[in-house]
Amino acid sequence: AGLSKVKVAFLMPDEGSTRYEEHDAPGFRAEMRKLCPSCTVLYQNADGDASRQQQQFNSVISQGAKAIVLDPVDSTAAASLVKQAQAQGIKVIAYDRPIPSTRADYYVSFDNEKIGRTIATSLVQHLKSIGASTDGGVLEVNGSPTDAAAGLIKKGVHEGLASSGYRTLAEYDTPDWLPAKAQQWVSGQISRFNKKIVGVVAANDGTGGGAIAAFKAAGVDPVPPVTGNDATIAGLQLIISGDQYNTISKPSEIVAAAAAKVVAALLQGQAPSSNATLFDTPTQLFTPSLVTASNLKQEIVDKDVNGKPIEAPAVLCTGRYAAGCSKLGISP
Amino acid sequence: MDDPTLLARRGELVLSLRGISKHFGAVSALTDIELDVHAGEVVALVGDNGAGKSTLVKILAGVHQPSSGTMRFGGKEVTLADPGAALSLGIATVFQDLALCENLDVVANIFLGRELGPLGLDEVSMEIKAWTLLRELSARIPSVREVVASLSGGQRQTVAIARSLLLEPRLIMLDEPTAALGVAQTAEVLNLIERVRDRGLGVVMISHNMEDVRAVADRIVVLRLGRNNGVFTPDASNHELVSAITGAAENAVSRRSDRRRAMMPPPAAGEEARP
Amino acid sequence: MSSSNLVDRGDERLKQSVGVRGAIRAFLDRVRSGDLGPLPVIVGLVIICTVFESLNDVFLSSNNLVNVLYDSSTIGVISLGIVCILMVGEIDLSVGSVSGFASALLGVLWVNANWPVWLAVLAAIAAGAAIGFLYAQLFNRFGMPSFVSTLSGLLAVLGLQLYILGQSGSINLPYGSPMVSFGQSLFMPAILSYALVLIAGIGVFATGYRTARRRQAARLSSRSTASIAAVAIVLTVALEASVFYLNLDRGVPWMLGFFLALVLMLHYALTRTRWGRSVTAVGGNREAARRAGINVRGIYTSAFVLCSVFAAIGGVLSSARLASASQQAGTGDVNLDAIAAAVIGGTSLFGGRGSAYSALLGIIVIQAISSGLTLLDLSSSLRYMITGGVLAVAVIVDSLARRSRVSHGRA
Amino acid sequence: MDDPTLLARRGELVLSLRGISKHFGAVSALTDIELDVHAGEVVALVGDNGAGKSTLVKILAGVHQPSSGTMRFGGKEVTLADPGAALSLGIATVFQDLALCENLDVVANIFLGRELGPLGLDEVSMEIKAWTLLRELSARIPSVREVVASLSGGQRQTVAIARSLLLEPRLIMLDEPTAALGVAQTAEVLNLIERVRDRGLGVVMISHNMEDVRAVADRIVVLRLGRNNGVFTPDASNHELVSAITGAAENAVSRRSDRRRAMMPPPAAGEEARP
Amino acid sequence: MSSSNLVDRGDERLKQSVGVRGAIRAFLDRVRSGDLGPLPVIVGLVIICTVFESLNDVFLSSNNLVNVLYDSSTIGVISLGIVCILMVGEIDLSVGSVSGFASALLGVLWVNANWPVWLAVLAAIAAGAAIGFLYAQLFNRFGMPSFVSTLSGLLAVLGLQLYILGQSGSINLPYGSPMVSFGQSLFMPAILSYALVLIAGIGVFATGYRTARRRQAARLSSRSTASIAAVAIVLTVALEASVFYLNLDRGVPWMLGFFLALVLMLHYALTRTRWGRSVTAVGGNREAARRAGINVRGIYTSAFVLCSVFAAIGGVLSSARLASASQQAGTGDVNLDAIAAAVIGGTSLFGGRGSAYSALLGIIVIQAISSGLTLLDLSSSLRYMITGGVLAVAVIVDSLARRSRVSHGRA
C-alpha cells in the first residue's frame, strides 16, 4: 500500500546548535519527499521549552498528523505525550533522545553517552601521545544543567576520564550551553591552575570555542587540546586552524532519513528493522564519527550524504582557513 | 503664658508637647517645641513659610518621628510609630499635601482605610455618605466616581477635609485647610471648625490667613524658624502677629501697606517681638 | 429631565445620559477619552484570531481552542500573582523559578517520598508562601528593591529546584492519576458547563438589579433594568455559545474552570474588598495609604505571598499538564510570559492600576499567538520575528486607546 | 463689558479668547469662554472651586488643547500644541499644582529647560541667580541644594514663582500663587505683580482671596460652572463679587457673616448677579 | 563664625560644618540620613571580596582581577544604556537581543562579507540605533509601554539574529585581528596607565579648585583648598595603587579603559549638560518637564536610541572578547545582568534617579560574585543558590542606607 496525503510531524527540541534547522529537518523532508511526495511534513522547534513542545505536539495532533518524530526537550515530560498520541492511534518515533519511561513505537538516535565517552577517550589518547604530564589534569565543561542530553554526555565523559590517569581539575555545568559562560569559567580556572591544565573536555563546539577564547585571552600558548561536539562550521574551522582538537560529526541527514523510512514503514503497517532494543523500544543506533585534524577531510569533506559533502570546502576554507585547509589536503 | 480668661472655657488637656525637636540631615526643622491643646479649643498654629508647622503636624500624626522630646495625649505619654497609631488614638489630620490617592475615585479616597463592609464593599452606602459630606462642605464636584487626579485643587482639598469628618476623633488637625478653597467653601470649613470645637474636640489649625485665624482661633501659637515664638489671643493686633511671624516689626507686609497708604517712612525697629 | 433631581446628577456641567441617545453619546465620550477597559485588548485578540484562522483553519477548531485554553490556564494562574504584585508597584522576577520549584517539590514528595498527593500539593504551595514571605521581609525590613530580592530569589530557588531533583533530574508524575488527568483530560460534563454559565448570567443580572434598586432608593443615578438585563443576556448568550463550541470537541477543561474561578475570586478581592482597595491605594500612593492608617507592610506582605502562592499553584498545574516535574520546569519564558500577560492585559508596571482580567486576556493573547504560529510551518527565526511583530500589533490598539486617555489628562 | 475708564491705562491687546470650550469625557469644564488681556494690565480670574479657572490657564499654557474656540495672541491666531509652544510665544505660567520635579534640587527646578551652559552647566552662576530670585521673594529656604521633595508647601510655591521670573515673557499667568505663602511672601508676590504690570506685561492672576484680588487687579473676571459670569472692577462690593462667584446672593459667606454679626434674617434673593 | 555671612549659609537652622569637627559632623549627618552615594555598594563589594579571597586566594590575584574587569566591561557597556533608559522611567528588555544581533551583524559583515572591520562595527551600531529609534516611535506615537515594545523587540531581534546567522550558526572572529586582540589581550603600556590616573587626579583637583574659587568670589560656601587636595590625592593614590597592582600581571586592559571612558562621558552628560538635566526631570515628573518646555519626546527618543546603541557596542565588545559571533550571543543572563547591574548600583526602576557609576559598580559586583564562584568547585545547584544569596547580601547594605533616607523623608 502506498502512502499519500499523510501529515507527519518532526518536532525538534532546541536552538542550541543549528543542526536541527540545517541538517535534521531538511534531511527528513528530503527523504519523506522521496517516500511520499504528497505527504506534508510539519516541522517545529521548541527552543528548549518543554511546555512549548507540548503545545507544538498538541497542535500537530489538531492538524491531523498521523506520525510524530519527537526529539524530546524533557524525556520524562514526553512520556505523557507519547501515551496521549498512541491513545489516538498516532505513531511516535523517539529521535535523538530516548523516552525511557514509556514505550515509543521506535527510537532512532546517536548515542549521546557514547559521544561523551568518545571525545574524552580521544582527548586522553592524544594527551598521552604528546606526553602531557599526569601531574596536570583536565577541565570538564559540561552542557546545560537543565538539559537531559547534556547529562548523558556528561556521564559518558566521566566514564571516559575515569581511568585515564589525568585528574579532573574542575568541572562546570554551563548554563544554557552559553559560550560566554564557558569562557568566563575557564578563565577563572586558568587563574587557578594555570600550567596544570593539560586539556579541556568541552561538551559541544560552542563551549569548546569559549574555552579556546579563554586560553587565547590569557596568553596561554599553545592552547591545550580542547574537545568539541556537533561538527559545527565554526568548530571545524577551529580544528582546521589548529586551535581545537576534536569534534563529533553526526551526519544528521542519515539519521533523519532513517527516521523518515521508519515513519513510512510504520504508517504502512510494516515493522521496520532495528539493530537494538533500548527501553523496550525497537531501536536503530548510529555511531557518530570522531573528527580530528587527521581525518577531517575524510569524515567531512569527502563523505557523501544525499549527494553532497557534509560540509563543502567552499564553506570551510574561507579566508584565513585556506592555509589550514591546504595543510590538511583539502582543496576548495 | 496661659491667659486665665481662656481657661474657663476650655476643657481637659488633650495634647501636650514638651521639647520636641526634629532634624532633617543638617537642617533643624524644629527645636524644643512646646504645645498644649485642650478639649473644646481651637489652637491656630501660624508662622512663616518653612517655620516647621507642617513638620509639627506630621509628628503629631505619626508621619515623622521626633528626634527628641515627649508627647502626652489624653494624659498618657505616647510615641506614634506610624499614622495608624495616631488615627487609632483619635487624632485625625488633613495634611497640607492632602495625601490622596490619585488613582482612586472620590468615594474610595474619602473612605480609604475605613471602608464599609470590608469583605464586600457597600458602594451604595459609601456613595450616599460621600455626597452628604461633600454637600455639607458646599463642594462643587460633578461626579464622585471620577478619579481624584481629575479634580481641581479646591475639590481635592474638600475631599481631604471630608475624609477627616468620617472619624470620631478627639483631636483634629487641619494644615492650611482653606488654602485652595473658594469663598463659600472657606466659610463652610470655618463653620465646621466651630461646630467641631463645640462638640468638645481639640482643634489645631494652620493658616496663613490672619482673618480666618482670628475668626475661629481661641489661641494663636506662633512658630518662627522652628522655635516657639509666642502665644497670642485672637484680639492681638495684626502688627503684633506679623512681627512675631516674620521676626521683625519692619517687614514686607508693613512696607507694602505703608507704601500703599502713602509715602510715610516707617519707624526703624528690628528686634524680635514677644508678647 | 427626571434625572436632574438625582443626587449625583445635580451638576449642570454633566452631560445627561438618558435613554438610547444618551447611552450612545456616553459610549462615544468613553471611546474618545479612552476609558474602555478591556475592549481594546479584545479587539486586538479578534484581529489576531481572524488573521491566523485565515492562514490555517485548524486555528479556531474546537480542539485547538481547548489546547490554547489549557496552555493559558497554567501560566495564567502565575500571571494572576503578577497582577497582585504589580498592583502594589513591585515586581517578582522569580515566579518562573518558584513555579518550577513547586513542581519539583510536588514530584519529590508525591512520587519519590510517597506522600499523599494533596499533602504534597499543600507543601508546594506552602513553600511558595514561605518564599513570598521572605521577599516581603526583605522589602519591609531592609527596603531591598523587589527587583533585586526576587532576582536573587530567581537564582537561589532555581538552585533549590536543581538540588531537590538531584541526580534524576526529572520525575514522572503517574499517568492516569487524578492530578495528571486534571492537567490533561478532565472535562466538565456538558450540562454542568451550560448550567454554570447560566448561573453566572443570572448572578450578573441579580447583583446589577439589586445595586440599581438600592441606588434608586437613595436617589442616585442607576442603570435601567432593561440595560442590565440586556448586558446579562448578551453575556450569557456569548458564553453559552463558546461553551457549546468547546463541547463540540472535548468540552470545557476543569483546569480552565479552576483558572476562571481564581480570576473571579481575585477580581472580587481586588474590587470589592477593603484589602483590594488598600492594594490599589498602596500601589497608587504609598505614603497616602500609610497616612490613611492602612497597614502598608501587611499589604506588601500579602501581595508578595499571594504572588508566590499563585506561582506555586501554576507550577503544580504545569507539572500536571506535562505529567512531569523536571529541572527545566519554570525555566524559559515562564517569567516573561507571566509578566507580559499582565502588562498586555493593561496592568501598569508602576502600580495602582490593573485587574484580574488583565491576566486572563493577556495570557490568551500570548498563547493564541504562540498557537497560531505553531500551526504555520515556520523556521525559528521567522517565528521569533513574527511573534514579536504580532505582539506589538495586539497591544497597539490598547496603547492608542490609553494614549487618548493620557491626552485627556487621566493617565 | 469694558469699562472705558480703564482703557486709558492699558496697552495693546495681548491675548484674546473667543468661544473656548473644553470637555473632559462627560464633564464640560469650560463653555464658550471669552477673555481679553491687555499689556500692562492685571486681570484677576475668580470663581468657585471647580469653576474651570485652572483649566483655562492650562489651555493658555498649552497643557490642554481646547475642544473648540479660537485664541489670538499678540494679534495673531495661535494654537498651542504643547507647553513649549506657549513658552516660546512668551507666556509664562505658575501652575496651581506647581509642576516641579521633586527629584531635582531648587536650582535645577528654577532653571529647568533654561539651564545656563547647555553643554557644561554653569552651576555657580545658576546658584547665585537662584539665591537672588529667592531673596526677592523673601523666601525662607535653608539650602538651594536640597531636593524640592523636602521643601515645605510655601517654599515650593516660591520656587515655582521664581521659575517664572527667569523668562522675559509678554504674559504671565499665576494660578493661586499665594495660596500657600506666608504673609511676608504674599506681600512680596503682590509687589512683584505690580512691578511686572508696570513693566508692561499682561498678568492673569487667579485667587480666592478677594483682598489680594482687589489690591492688584485692574479687572476681575468671574467664572461660574465653566461659563463667563461677569466682569467687575476692583471697587465692586464684596457682596457683589461673592454673589457672582457662588451664583446666589444668599450663600455660605453671607450666612456666616450674618450669623457672626448677630441673628438677622438675610433677605431672600436667588437670581444670578450680573453687573 | 565667618561662614555665617555666606549667601547660602544665612539660615540659622543649618548646622554649620566648619573645620574638621564640622566635616565629621556633616559626614555623620549624611550617614544617618542615608545620603551616601555609592559608598554602601562599595562596602558590599568589599565584603564579597573579603569572603571570596578567604575561600580561594586566587580571587584577588592580579590575573583574576583582570578577567573580572574584562567581563565587566562588555556587559557594563550594555548596562550604561540601561541606566539611560531607566533614568527616564522606561525599560528595555531587548538589550540582550540587540547586543547579540550587533555581534551577529559584525560577524556576517566583517568575516563573511569581507567588509572592513570599522565599517562592520559602524553598521552594527547603526542597526542598534535604528532599533532604539523604532522603540521611541512606538512609545511617542502610539504610547506603547516600553515593556511591551521591547519585549516584542526581544523576540523579533532574536529572530533577526538567528536569521542572518543562517546555516552557520556561529562565526569565528579571526584571532590576532585588532578587534579580537582588543577584546582579549590589548593592554595599556604601564607608563600610560600611570599617567592617565595622574591626569585624572589633577583634573579632579583643578575643577574642584576652580569651582571653589568661583563660589568664594560669589560669597557662596565652598570647600577648602585643603579638602579638595586631600580628596584628589587620596583618589589618585588609590587608583595608582590599583593600576600598579594590575600592572604586576598583564596590566590595564584597553577595553576597561574604553568602558571607563564611556562611564565618564555618560556621567558628564547626565550631570553636567542640559540634556542630562532634562533626562532626570522627565524621569522624575514627565508632566512637569513638559510644562517646563522640555522636548519630552526628544528626550525619550535619545534615551531609547542611546540604550540600543550601548547594547550594540556591548555586543561588539562581547563578540571580540569571545572571538565569535553566534546564535547564542546575547541570550541567557545578558538582559537580566545588565538591568540588575544598574539597579544594584542604585539606579531606580521608576525613573529620575541614577548615575553612570551605578552601571560600573553594579556590574563589578555581579562579575565578582560570578568569578568568585567559578573559583570554587560547586555543583550548579549550589552555585545558583549561593549566587542568589550573595547578591542579596551585597545589596542589603545599600538598601539599609537608602531605607534610612526614606525614613528621613527623602526617598
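Going by the order they are written in, the chains are A, B, C, D and E; count residues from 1 in each one.
We take it that a contact is a pair of C-beta atoms (placed from the backbone, for glycine too) under 8 Å apart; a residue touches a chain by one contact, two chains touch by 3 or more.
Predicted model only: the values in this text are computed from it and were never measured.
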Fill in the blank from the handout: Overlap of the subunit B and subunit E neighbour lists contains C, D
Exercise for the section: Report, in whole Å, the distance between the mean C-alpha point of subunit B and the mean C-alpha point of subunit C. Expected result: 44
Completion exercise
CA centroids of subunit A and subunit D: separation to the nearest Å works out as 75
Completion exercise
CA centroids of subunit C and subunit D: separation to the nearest Å works out as 46
Practice task
Enumerate the residues of subunit D that touch no fewer than two other chains.
Solution key: 24, 26-27, 140-143, 150, 225
Problem - Per-residue multi-chain contacts in subunit E, two or more chains - result: 11, 13-14, 162, 379-381, 409-410
Fill in the blank from the handout: Residue ranges of subunit A touching at least 2 other chains are 15, 21, 145
Problem - Listing of all chain pairs that touch each other, if any do - result: A-C, A-E, B-C, B-D, B-E, C-D, C-E, D-E
Practice task
Spell out the part of subunit E that touches subunit A in their complex, as residue ranges.
Solution key: 56, 58, 61, 63-64, 67, 70-71, 111-112, 114, 162, 165, 167-172, 174-175, 183-185, 250, 318, 321-324, 326-329, 331-333, 370-371, 374-375, 377, 379-381
Problem - Partner subunit D, residues of subunit E touching it in the complex - result: 7-8, 11, 13-14, 211, 214-215, 218, 220, 272-275, 277-278, 280-281, 283-285, 287-295, 352-353, 409-411
Practice task
Report the residues of subunit C in contact with subunit E in the complex, numbered from low to high.
Solution key: 91, 93, 138, 142-145, 147-149, 151-163, 336, 339-340, 343-344, 349-350, 380-389, 391-392, 395-396, 399-400, 402-403, 406
Practice task
Can you check the complex and tell me which residues of subunit E touch subunit B?
Solution key: 11-15, 17, 26, 29-30, 32-33, 35, 407-410
Exercise for the section: Report the residues of subunit D in contact with subunit C in the complex, numbered from low to high. Expected result: 23-29, 31, 64, 225-226
